[in-house]
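Okay, got some structures for you below.
After this come two complexes, each holding subunit A, first together with subunit B and then together with subunit C.
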Partner chain A sequence: MRTPATRAAAALAAAVLTASGCGLAAPGTGGAGEGGPVDGPADGAITFQTWNLKAEYEDFFTGVIEEFERANPGAQVRWLDQPAEGYADKLSADAAAGTLPDVVNVAPDLVHPLAEAGMVLDLDEARPGAAGAYTADAWEGFTVPGRDGTYAYPWYLNTGPVFYNRALFEEAGLDPDSPPTTYDELFDQALEMAEATDGGTAMLGQTPGIIDLGLYGSQAMNEDGTRFTFNDAAGVEMVERYKELYDAGALVPESLTQDYTGAGEQFMSGAIAWAPGSAYDLENFRTNAPDLYKNVGITEVITNTGRAHMYLQGLAVSAKSEEPATAAAFAEFVTNAANQEAFAHEVQIFPSTKGSLDDPYFTEEDGTDEGRVRVAAAAQLESATSYTPVVFGDQMQNLLRDEIALAMRGDKSPQQALDDAVDRCNALLEEG
Partner chain B sequence: MTALAPAVRRRAPRMQGAATPWLFLAPALAAAVAFSLYPFANTVLLAFTDARTLSPGTFTGTDNFVRMVEDHRFWLALRNGGLYVLGVVPPLVLLPLLLALLVRDKGPGVGVFRTLFYTPVIASAVVVGLIWTWLLDSRGLVNGTLQALGAISGPVPFLTDEYLLLASAMLVTVWKGLGYYMVIYLATLDRVPKELHEAAQVDGAGAVRRFLVVTLPAMRTTMALISVLSAVAAFRVFTEVFILSGDTAGPGGRDITLVMLIREVSSGLDGNVGYASALSLVLFALTLFLLLAVLRLQSGASAPGRAGAAGRGRR
Partner chain C sequence: MSRRTKTLLRYTLLLLIAAISIGPFLWQLSTALKGAGENIYSVPPSFLPAEPTGGNFTRVGEVLPVWGYVWNSVRVALATVVLNVVGASLAGYALARLRFRGRRAALSVFVLALLVPGEAVMVALFLMMRSVNLHDTLVAVVLPGMVGALNVLLMYNAFGAQPRELDEAAMIDGADAWQRFTRVALPSVKGTVAVVAIFAFMGAWDDFLWPLIVLSDPANYTLTVGLEYLRGTFVGDQRLIAAGTIIAVAPLIALFFSLQRYFFRGVNEGAVKG
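Up next is the complex of A and B:
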């Protein structure tokens, strides 16, 4: 047999293959990523990717797409929808392979790495004048620190009331008609509840994350967005207060390892009494936790800053798009005032277009629970801001949760835990 | 083989003989090269770069490995992997053997038990993890029952204590693996010659004695195989810990395993592919080392083995 020769050939082949495709080669160029305005007729075929919207809103989006195709002869939109889980992984796989869909649903923290890698269009440059249609805050939401430009069209906004379980409040001897309105009241009542139920019912289900620290008055980053600063006095104070709550049983033990979803499930099962949510959770309670729905109380978000948190979704246009004009036109169409307002009637979200929130739909209660939540949330949006820096990615969120868990367990002091979290986040930021 | 080769060659034309095996092998080889060898070689290269998900990176020498030594989570992951191997391998080698002995003989109802023991194996790891999460939760069935019985005053932190969580995950791994290894043992048990058992019985050996001098020595190779398989699997544990800890790495990230670390470092749009590749290489080397160590341990034990000597003495 000619084993050695064959082996050598195989090794050579493998080496050649590896070198050619090992990822060290420059990423492909071409498409629209050259800068400058993007205009021209919207008559190409594009792909449009949403994030977990097909299951519930298929009819709505099919209608929007048909309308766009009718108005722009020749244009063809293929709609893709991705499940809620693993969306960032899906995006990164697409982006790395150079197959990012032409129009992509993103949140600010997702658009940041895409912008850094030059994968999405700078809309200030590509579509001058587009900004005028949206509120200034929303447009600002898709800027990236250290770079000029805006990298996605603002789409829908959300902000949440807080839900609480009236039955659990009553059981603990608390007044369900006057829920806490300040952090002091919340923490005191949480301690009372833990004592009254002998640790059986916890008020809270989650340790503070970056948003909670922000609402408490901590500054996540310095002015120019180059260093993290959430280990300031306010941040440390909040973690110290939570440590007290944890020791008293006012915070469920699972809070050390669970995220928003886990806490939400515990609220639905009646394990915790207080859960920040968003306006569309109410519908979820009605169908999945009817017992809770009967007892659910709704109140305003507690802040020390007077500004609630705002969640923001957007549509980015791939810089590698073969049909950038069609893609940009379609993204503008989906996010225009008429379509955003129509979408807001489908589901409890809020439009980011100028003037849309003045519609009586968002300003006048109609006697339903949903109406009440909607009007309250819309009012809250007036002053709301995003407390999550766009550079604060998944890894940073996880390490903050881990450091705070160590503080809760008493392995570190709150100050030490936050100092370490800041150091580790800064190290990731430098690498980034 | 060497004696046969010339004879074969004489009958078949040279070219035909040389090309045929390669043609048969080609599809499998192509798949292996495309999906195993090439990604592996790629990982080796990436381990020496600072590649990110969205940027190709540049050559950085051994930076990733230096970083690894300084990364406390890497050492935690190594510790947890080691603990997992120690905690999971002995029960997974011994318990399935006992189970196999229980259901070896065909009798009424035995088939049902065989099936029952095997069921966890075919159940999805995620589903199994979720079921155990509900059982072990601070308000779950186990804590609820214990509290109702007055055995404990507060809930046992199965899922929120660093070591209890790891132990709970080991329990799930063992519970889920029992049936699989039981089947391997069953296959080997059938091959133990009946005469040996009969001879031992005639010599006056009881059931325990026969298990020790007849069954156990005959199972040695299988036990070696199972220790290797379970040790490698234990070191690469992911699902059980991940699910039980609610998609995290336990309180404060203290229960992280190497595979979880690789996943966390590499995932997302800002994933550090270079560092993750370096971690993968280390995992590969450690797995290989574990494999060789266990094999060596087993071959060392069986070469001049005590049981072998006892067997000779008996005859």
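Up next is the complex of A and C:
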């Protein structure tokens, strides 16, 4: 399960990067240089770094690399794979030392500091025309506010339904066959559940984060992406509702501090009844909580906006690459429709290429639970968007959680807590 | 309070502390032994595996080249232990017993070094390793920790606690500094040497961030870094993670028990034997 927590110390890393990244001229510069299209034959030797995919998908990637090398005589790809933990630190150290791999796996928040420091290619400039292959939403996911350009090729996407524990619904006298479909229903049923079990079973495991506020209808930032605005009416209303839930025991006490992983574990232990997840989580339940798996209900994500959230992974090309043409060609090859679709058959993720989701694999159920989740999630992707602004790093995520915790405990009003969170996030934004 | 209740209370407390410190480890062990059909997060937790299996340990070996990682870790840890024991005892003895210009300054450098958090200089260290072309080698993993400041201070204290007369007597007998160090001083601080050895081993064995940053090729990874692969990007099997942890901790436990004899001797060290 990839989690925000795995990007530990990202803030520190980003600070180190901005401090040292710009000043250091990496050896072997000259390659891509500044601006201008990158073209030429793909016949160089490059390195390709993925994020924690080797242990399970080694055969898949070895196959993709071999195919690329066959199609492009002379090209050589050395594959590196980094473990989950400490990835942001590794990237920033590599960027500072000029050892960033030529093609590197990034998420939008990871590419942001790299783009700011000029360490990755602006693909709109370097490869005009490349954008056409991907869905517009995914391509936009790798833009950085305040800068023109797109800094990574969109790769795989993730979204998922909400999982709920049917047994806990039944125990609380709720109908497991008609789970809540609106926020009002969710909150009402959460209160009912808390009352029926005398506070023993909580519906929810996490206080609202930036994604939840977005789904509820709050605007995270202003139009130009220069100030945070999630203390608007919708945001405040959501936190007020959560405060009621918290007081009634419909939100586990641990929720004040816990992240997505913690809530996921509590869902698997049967402490909470409702958990938004990713399509691949079904496999997690089967592995780690077989009893829950038999009981798990699957339903659609609740939104006030009609648009679900999607997580995005991408491939950036190092601006210091000595073989930018090979690197860009390889990144395009890995993220092309055929290879993305093939990867989606390996694990429950979704391609970001145009038209890929029309494949029957994503539109027709095959009778399995996985098939059902896959089709539902793919349908949801049509309109999905990323609610996390790329500048919203780990540090901001934590301080938002802390401020909301104060609101839950009644130390601050919801309005005050969100105002303070917005002020502190804006201050961090200005520091860069 | 009667003597019996006192004893009872004492043992209850001891058991409680034992449960707190050993409990999590036993929990990890039990998770590692659980079969595929068992719930990992069940409430209340079940300590005894219902379908015990050793299969998770073999599966770790199938998913990862775990023995390669172990071999890398062993080399790094042993090199760190040898360098620390030799370096820290030499430096500690010099600071405690030899007279030379700048001794106080040298001592305060070691104390100050304790105050610098490793994370703060990590990027600088990485650039340094890169500039001498040692990045992505195990040598680079060992170098920054080859003589720990804390270990030097431990040895300094141990040597300093020996009566000066012992040293002076040896001097009168005509022993030079080297002889006094190897024949007189060192044999009586074995306990502290064991402490330094175990600290150095643990530090090297458990270190995560530095090896992660300095190493790029998965073939060079140490065990702590390599085991991270068990936490799958999409799906993680807690049984495998637990089995990996047990593999990682086992050598530490073995080392502790083999050095235990010396480990607890540190307390009454420095006493002159009659």
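The working rule: the second predicted complex is superposed on the first by the 401 of 432 C-alpha atoms of A that agree within 3 Å, B and C clash if a C-alpha of one lies under 4 Å from a C-alpha of the other, contacts with A are read in each partner's own complex, and residues count from 1 in each chain.
Just so we're on the same page, a contact is a pair of C-beta atoms (placed from the backbone, for glycine too) under 8 Å apart; a residue touches a chain by one contact, two chains touch by 3 or more.
Since this is a predicted model, take the numbers as computed values, not measurements.
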item	value
Which superposed partner A:80 touches (first subunit B, second subunit C, both, neither)	second
Touching partner for A:117 - first (subunit B), second (subunit C), both, neither	first
First, second, both or neither for A:363, with subunit B first and subunit C second	neither
Contacts of A:89 with subunit B and subunit C, given as first, second, both or neither	both
Partner chain in contact with A:178 - subunit B first, subunit C second, else both or neither	neither
First, second, both or neither for A:291, with subunit B first and subunit C second	second
Which superposed partner A:256 touches (first subunit B, second subunit C, both, neither)	first
Partner chain in contact with A:271 - subunit B first, subunit C second, else both or neither	both
Subunit B versus subunit C as contact partner of A:383, first or second or both or neither	neither
Footprint overlap on subunit A, where subunit B in one structure and subunit C in the other make contact	2, 24, 89, 92, 96, 271
Touching residues (chain side subunit A, partner subunit B) in the complex	2, 10, 13-15, 17-18, 21-27, 88-89, 91-92, 95-96, 110, 112-114, 116-117, 119, 199, 252-254, 256-259, 262, 271, 393-395, 398-399, 401-403, 405-406, 408-409, 411, 428, 431-432
Residue ranges of subunit C touching subunit A (in the complex, touch as defined)	36-43, 63-64, 119, 122-123, 126-127, 130, 135, 208-209, 212-213, 216-218, 225-226, 228-238
Contact footprint of subunit A on subunit B as seen in their complex	18, 33, 37-38, 41-42, 45-46, 49, 51, 53-57, 137-139, 154-155, 157, 159-160, 245-253, 264-265, 267-273
Interface residues, subunit A side, partner subunit C - complex	1-2, 9, 12, 16, 20, 24, 51-56, 80-86, 89-90, 92-93, 96-99, 101, 265-266, 268-271, 278, 280, 283-284, 287-292, 347-349
